[in-house]
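Notes follow the structure.
Note that the chains take the letters A, B, C and D in the order they are written out, and that residue 1 is the start of every chain.
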Amino acid sequence: MEGVASKVVSPVVGKSDTKPTWCPGCGDYGVVAAVERALKTLAIPSHEVLIVSGIGCSSNLPHFLSSYGFHAIHGRAIPVASGAKLANHALTVIATGGDGDGYGIGGGHFIHAMRRNLDITYIVMNNEIYGLTTGQASPTSEMGHKTKSTPLGVIEHPINPIALALASGATYVSRGFSGDPKHLGDLIANGIKHRGFSLVDVFSPCVTYNKLNTFDFFRQRLYKLEGSAHDPSNLVAAFERSQEWGAKIPIGLFYSADRPTYEELEPALKAGPLVHQPAGLQGRERLLDEFI
Amino acid sequence: MERSPDLSIRVGGAAGDGIATLGESFARLFTRNGYHAYGHTAYQSVIRGGHVWFHARGSPDRVWSQGDGIDILYAYNEQTAEIHAPYLRKGGVMVHDPEKFQFPADRLPTGTRTIAVPTLQMSRKYTSDPILSGSAAMGACTFLAGFPFDTLAAILQDNFGSKKKDVLEQNLGTAEAGYRFVQERERPIERAFAPNHGAAKLLITGNQAIAMGAVAGGCKFLAQYPMTPASTIMHWMAAHAADLGIVVKQAEDELAAINMAIGASHAGVRAMTATSGGGFSLMVEALGMAGMTETPLVVVNSQRSGPSTGLPTKTEQGDLDLMLGAGQGDFPRAILAPGNVVEAYRQTIEAFRLAEDWQTPILLASDFGLSENLQSADREDFPMDLTPSNLFSSRPRSENGGFRRYAYTPSGVSPRSIPGQKGLNFVAGSDEHDERGHLISDVLVGTPAAVVERRHMMEKRMRKLEGLRSEVPMPMIEGPESAQLTIVAWGSVAGPVRDALAELNSDGIRVNFLPLNCVFPLRVAELGKALVHAQKTLLVEANYTAKLGGLIRKETGIELSHRLLKYDGEPFYPAEIVAKVRRVLKEEVN
Amino acid sequence: MERSPDLSIRVGGAAGDGIATLGESFARLFTRNGYHAYGHTAYQSVIRGGHVWFHARGSPDRVWSQGDGIDILYAYNEQTAEIHAPYLRKGGVMVHDPEKFQFPADRLPTGTRTIAVPTLQMSRKYTSDPILSGSAAMGACTFLAGFPFDTLAAILQDNFGSKKKDVLEQNLGTAEAGYRFVQERERPIERAFAPNHGAAKLLITGNQAIAMGAVAGGCKFLAQYPMTPASTIMHWMAAHAADLGIVVKQAEDELAAINMAIGASHAGVRAMTATSGGGFSLMVEALGMAGMTETPLVVVNSQRSGPSTGLPTKTEQGDLDLMLGAGQGDFPRAILAPGNVVEAYRQTIEAFRLAEDWQTPILLASDFGLSENLQSADREDFPMDLTPSNLFSSRPRSENGGFRRYAYTPSGVSPRSIPGQKGLNFVAGSDEHDERGHLISDVLVGTPAAVVERRHMMEKRMRKLEGLRSEVPMPMIEGPESAQLTIVAWGSVAGPVRDALAELNSDGIRVNFLPLNCVFPLRVAELGKALVHAQKTLLVEANYTAKLGGLIRKETGIELSHRLLKYDGEPFYPAEIVAKVRRVLKEEVN
Amino acid sequence: MEGVASKVVSPVVGKSDTKPTWCPGCGDYGVVAAVERALKTLAIPSHEVLIVSGIGCSSNLPHFLSSYGFHAIHGRAIPVASGAKLANHALTVIATGGDGDGYGIGGGHFIHAMRRNLDITYIVMNNEIYGLTTGQASPTSEMGHKTKSTPLGVIEHPINPIALALASGATYVSRGFSGDPKHLGDLIANGIKHRGFSLVDVFSPCVTYNKLNTFDFFRQRLYKLEGSAHDPSNLVAAFERSQEWGAKIPIGLFYSADRPTYEELEPALKAGPLVHQPAGLQGRERLLDEFI
């Protein structure tokens, strides 16, 4: 049934009439499935969901679900999503894309979005490579990784999105794995439910261009924070966990905190979503008094 | 047409001396007494020190620019006297405080003189801070200009009423001392104005008019990053945001600002961003996305002297090619270029209408001069009766088999749904797409059907450019119908041109003016018609390469015969234009 | 002029089927046998699946484009047969594997036929992965094209020699099976080539030529952010960086890329960045900074179909206005537009020379077609004898009272020092400045001396534009001197135009061609002269709004009389141009 | 003597012939003095120093010292400085500017520069306001701060540059105070000596537009890490200290670590600074073999 749900009639978000164009085996299949699962669980009507992405293999995701979507330019998913959320905060706004999109060219927006704490869920399909442009290093590529742009190996320390999120004041910081869509679906659902900015960084292997960080690589290393002694209300502990890399790599919820959202603090939104408020200057002639 | 004599008051000093406040108050003396006024602000990219000045010009007739010459000069410091005294015209006076500096009479133009006012002495009664001395001088100048002290007192009340009580008292006291001091010793200057010429007029900057026009046009969302001379659009909006129910978002950079505005517009709220050339450069990529996704958007580009950081506080019309070329590939856009505050208000409203009706980005070109200078206007100039529709509450028909957001239509405009509207879900994409928004850049592109689809979608979008062309402001000749010379200018340069025209026409010289309020798309046919009878044409433009001239030639084949170009950051003075016209016409006689 | 018949081999399938490798190998069959060749790659913005194809054309004569028609088509899958079989020309054959799909003869153009080859069966000997079946087909096509198996074996050796040993063995084995299978049953097609026509030629893409040209021109620093179709410039550079002593920096975005290149250039190293329209849009602001600080810089913009993300793997010449207008205000720049791989190499060298001599940014406009397609060339086409000077070791004279980095000179070019050189310290600034680099935007601007200074500094910089104009490539007519029609085109569109011209001329039609290798600044006088004798002119351009046509009219007043425009992402085919020329000339007769 | 040192003759960095144009009392005077002091202490010849800045009041700094300088566009000091350093790593390259310049519009470059670990010293005059554009909120403006752009107060969590630097892998992370130029000069000198990217965030009050974060505000709150029990080799402890804000605010060295610099790892620089290496393709005809 899901398979044939059409873009326009599905009451909750399902698959769209466009089949994913990812390579067979691509990690992103697991992510779109997890997003679909999360939105089904939350039973949000499909027309009340807006999924905004940038450019990259991963950023094609909005086309494969039946909600509203905005497939923007490279690196700008977050500001587009932010504008849309401020225009209509009754919408469930999800931003999504790749590691290059979000942590590379979009890195500036990323850190500012987190301090801003708009109620947006940001899902990054982190494959540690530039997929769509056929395999250059990404900001999360590991030191030594040989790619088309680094034939002798990457010589930069990779971005640590979890640490960055914690340092920037994000209020929901998590990491999932495309190979575990159930766990990932829960992280996404909880991120959507969370009031404020939620980061879900996802290990989503690129089977074509990244021969280092494969499904196997992760399967051998990942462990879940949920089963550990980690306290997700402890910022410093979360930062410490974010530094773990190597034989053991944590996934799950690193940190969550309760802080008013931007929408809650914005005076102009007290009267409800902007999109429903009246516009224009009718009857405001007294505004001209300041110019006398 | 006889023109009544105007009256110009200029005040100069260093940044931090309160020069802008003094200057604006002088402009307000005119408007409160029912005169037309123009206030030109000249400052530097520095917060304290240096040299700044403000020029306030009033007249019973409409004035369009700072005009030429000075009647009353208040020199807060010696540098001001040195720089500006040469521009005093006959009967003019310079007010200064000899305790600050001496200025020998032989350094003044003939027919002008100094009036010494012990402003520091007067201010010392209250404070050792010399800034207060400006109020004493203001009192003196007010008298010399012919205005009653009451008007000044009311202005000071407005300026300082909200501050600590003694601030107002000190200013009033010093101002009155200055007024009385001169009243006892002098008479108002020859060009002085009579008080109470008529009902008070408004005094407003281009940026205030743009901001207000945006709200009138339905804007509910402004995302901006500060940049001179566009920042005050955000300041006005921010100050009124809570009251008017507008979200004003200072973004982390211009990339974020324009993309936020696009996101807000996509979600059904009329949205704007504003910046200057450097920031506009950063918006170029997203502008193309608005074009491709057919998202309405208004972008204000208030130009300043380039290239690069250039002269941040000086004017230029150097961004025309930038605005024309912004974005890879082709998509429809329009560039409106208001010439004064009233046009700024109205064309901003119009920009919102065009953006929405044609679902594409509309640029509003301002510049330092229009954005930051003050102009008088009447309440009726700012109609507030428009009721912008609620976009969310009207919805296109649902269709069987999926909503076609980018349906092919004769006009190129397709039905638009808003996220949240049921049954009309679609994905807006920056990649090329089909009528339903499905990508054709991935598994389809290059196949015969997709090649045709691409062609059709390009043609659909570009049809909107022709639609826009038929709706943008019409080029209309001002002044005598048949003339020896037609001046062509765009944007705020229309101001000094109009002043020059008035002078030339009142001298019996048959010159007329074709102001372009829309520089793209040009109404080629009408423009050609307007220019076909011109014996000579003079392009007046504030950039090095005569960009509008090039555009007109490109679009119409017409090469304007003469040029007056300026690229030093200073505004055009009407006298420069008058002189150039006379030179051009003399040529003909020879 | 008689033209020898060409031979075209096309192969199509899905992304991931190895189509590009097959296609390139076909092109290499030609060049290894001493033929000229052109290889056109057609892929999609998707990594696996969809439909991709590669067209290899060879000829004893120089070929400039993919030409028209197909002689040998290898259809990896049914979709390929459906899409491409209609373009088979007389005597042509389609190779396919009936196990994959059947293709009834009546769906083929008359005079063409299919040749069934059991490629899967042949590959199954080694692996179940169907990708190997392509090698069998390659063997078959090699025979049909007239080439010995040896050439193919050598190519496969190069392709797979560095992989695991059995990969090479499998490919060789399957290829030979395919070759022998057809050899036993068929003869080479009628248009087949004789082997060993001459010495092997090079086969190179525009991007490889640009990258290599950059190094030849002295480039030591490339900062880039990946973007199709510019990425392979970085790939080539990165692969050779350690060997050639070049720093290749993949930046976090295009803003960083161009600013890094500017920093490197300021520090005395010749530097480049490369991108496509979307990334170029992000470089607009910094381009102006390079202009203002007079920092040499080469920027490659390889255009693709816009607007916005558009069709990332398709060609267009849609960024001309963007490149012309990039940056607020006025500063000198040049835009070179090579038309083939040899020009790409030479003009990149020239771009570095111009950037350095005129201390300003030089743009090199490429496009998908030039950047990614393969063209044959000779070793002599790529001279490597230039010795770029060491900038650090030559230094301008010291001056008393401070080094004048921006000294006024007749040419506008000022002496330049490099950080690290003693006694020549200065600050480069994006604000307006005086001869010594001191800001005039802060405490000076607006004062009379600073207004003059600003004007002089603008004029100094803009003098360099006139200098550039006198040094950029000269527009030169190709073909018969007097002609009924002159074709005008820029950049890689010169390719199909040259092919069309050869055909028209060999048909006795007097048409000539004015290719523009530099679109800005135009050599107005020479251009006017070249066009003045043209009875009719035909603009051939790959964008919607005829941008070059507009620019020519703007600069020279000349409106080209006819246009052939294309904006569907596909390359021009010589036959389209031939047909258009015939239509235009017929008009005349009527 | 210092006062009259001219741009071209001073053997070590001194004042230039351009007088600072900052407002009287501006914090940036203390910073330029500290930079001068640091460079004097290190006795680096003035022509071997390149100071790169963006746009803002603070970014005018290069004009006031006698070294080479590049006064770039807003937000791009770091990439320009990075390019220059890669072109000639024998130069001492200092990047400088304001909080808006570096953490706002330049935020993306900031995080990437730190993971890259080029040997650049980045001095940010953090006045928690946009000075040159006359007083809008900056990314470091505190919640509630009323500015021209936030007349009802800032509603975003401020950027924490120290935490961000730690999360991004910076190898020298410090904070100084313009009111203590001796301490600041030491931080800068040590930053320059440090091999790798050094951040010196400086509280440098804007006396004109920021009436909240004044010299007094800081004098009442600042304490020095040097006198505390803090261990600057402990990343997690440094992160914990970075969260301190309120009655007590630390300055000094938060963190330092030893990691190879980008220049050391870049193969093309093994042969010495790029600027001195030969250019061109003479004798490289064998390069064409790959195209046969």
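Convention: contacts are C-beta pairs under 8 Å (C-beta built on N, C-alpha and C of every residue); 3 or more make two chains touch, one makes a residue touch a chain.
A quick note: this is a predicted structure, and the numbers were derived from the prediction, not measured.
Visitor: Which chain maximises the distance between its CA centroid and that of subunit D?
Guide: Following the centroid criterion, the farthest chain would be C.
Visitor: Which pair wins on C-beta contacts, B-D or C-D?
Guide: If we tally the contacting C-beta pairs, C-D comes out ahead.
Visitor: Give, as an integer number of Å, the spacing between the C-alpha centres of subunit D and subunit B.
Guide: Measuring from centre to centre gives 37 Å for this pair.
Visitor: Nearest whole angstrom, what separates the Cα centre of subunit A from the Cα centre of subunit D?
Guide: 31
Visitor: Using mean CA coordinates as chain centres, what's the subunit C-subunit D distance in Å?
Guide: 41
Visitor: Whole-Å distance, subunit B centre to subunit C centre, using C-alpha means?
Guide: 43
Visitor: Indicate the residues of subunit C shared as contacts by at least two other chains.
Guide: Subunit C, residues with two or more chain partners: 45-46, 49-50, 242, 248, 252-253, 255, 278, 285, 289, 293, 308-309, 429-431, 442-443.
Visitor: Return the residues of subunit A touching two or more other chains; collapse runs of consecutive numbers into ranges.
Guide: 21, 55, 73, 75, 104-105, 107-109, 112, 139, 152, 266-267
Visitor: What does subunit C use to touch subunit D in their complex?
Guide: That would be residues 31-32, 200, 202-204, 208, 212, 215-221, 223, 240-242, 244-249, 251-253, 255-257, 259-271, 285-286, 289, 293, 377, 379, 382, 384-388, 390-392, 398-399, 401-403, 418-431, 438-439, 442-443 of subunit C.
Visitor: So in the complex, the part of subunit B that touches subunit D is made up of which residues?
Guide: For this pair, the touching residues of subunit B are 16, 45-50, 225-228, 231, 234-235, 238-239, 242, 248, 250, 252-254, 278, 308-309.
Visitor: Which residues, counting only subunit D, touch subunit A once they are in their complex?
Guide: Listed in rising order, the residues are 104-109, 111-112, 115-117, 139, 152, 155-160, 163-164, 166-169, 235-236, 239-240, 242-243, 259, 262, 265-267.
Visitor: Residue numbers of subunit D touching subunit C in their complex, please.
Guide: Where subunit D meets subunit C, its residues are 6-9, 17-18, 21, 45-48, 50, 52, 55, 60, 62-63, 66-73, 75-76, 78-88, 90-91, 108-109, 112, 266-269, 271, 274-285, 287-288, 291-292.
Visitor: Quick check: in the complex, which residue numbers of subunit D touch subunit B?
Guide: Contact set of subunit D toward subunit B: 21-24, 55, 57, 73-75, 104-105, 107, 130-134, 136-137, 139, 148-152, 208.
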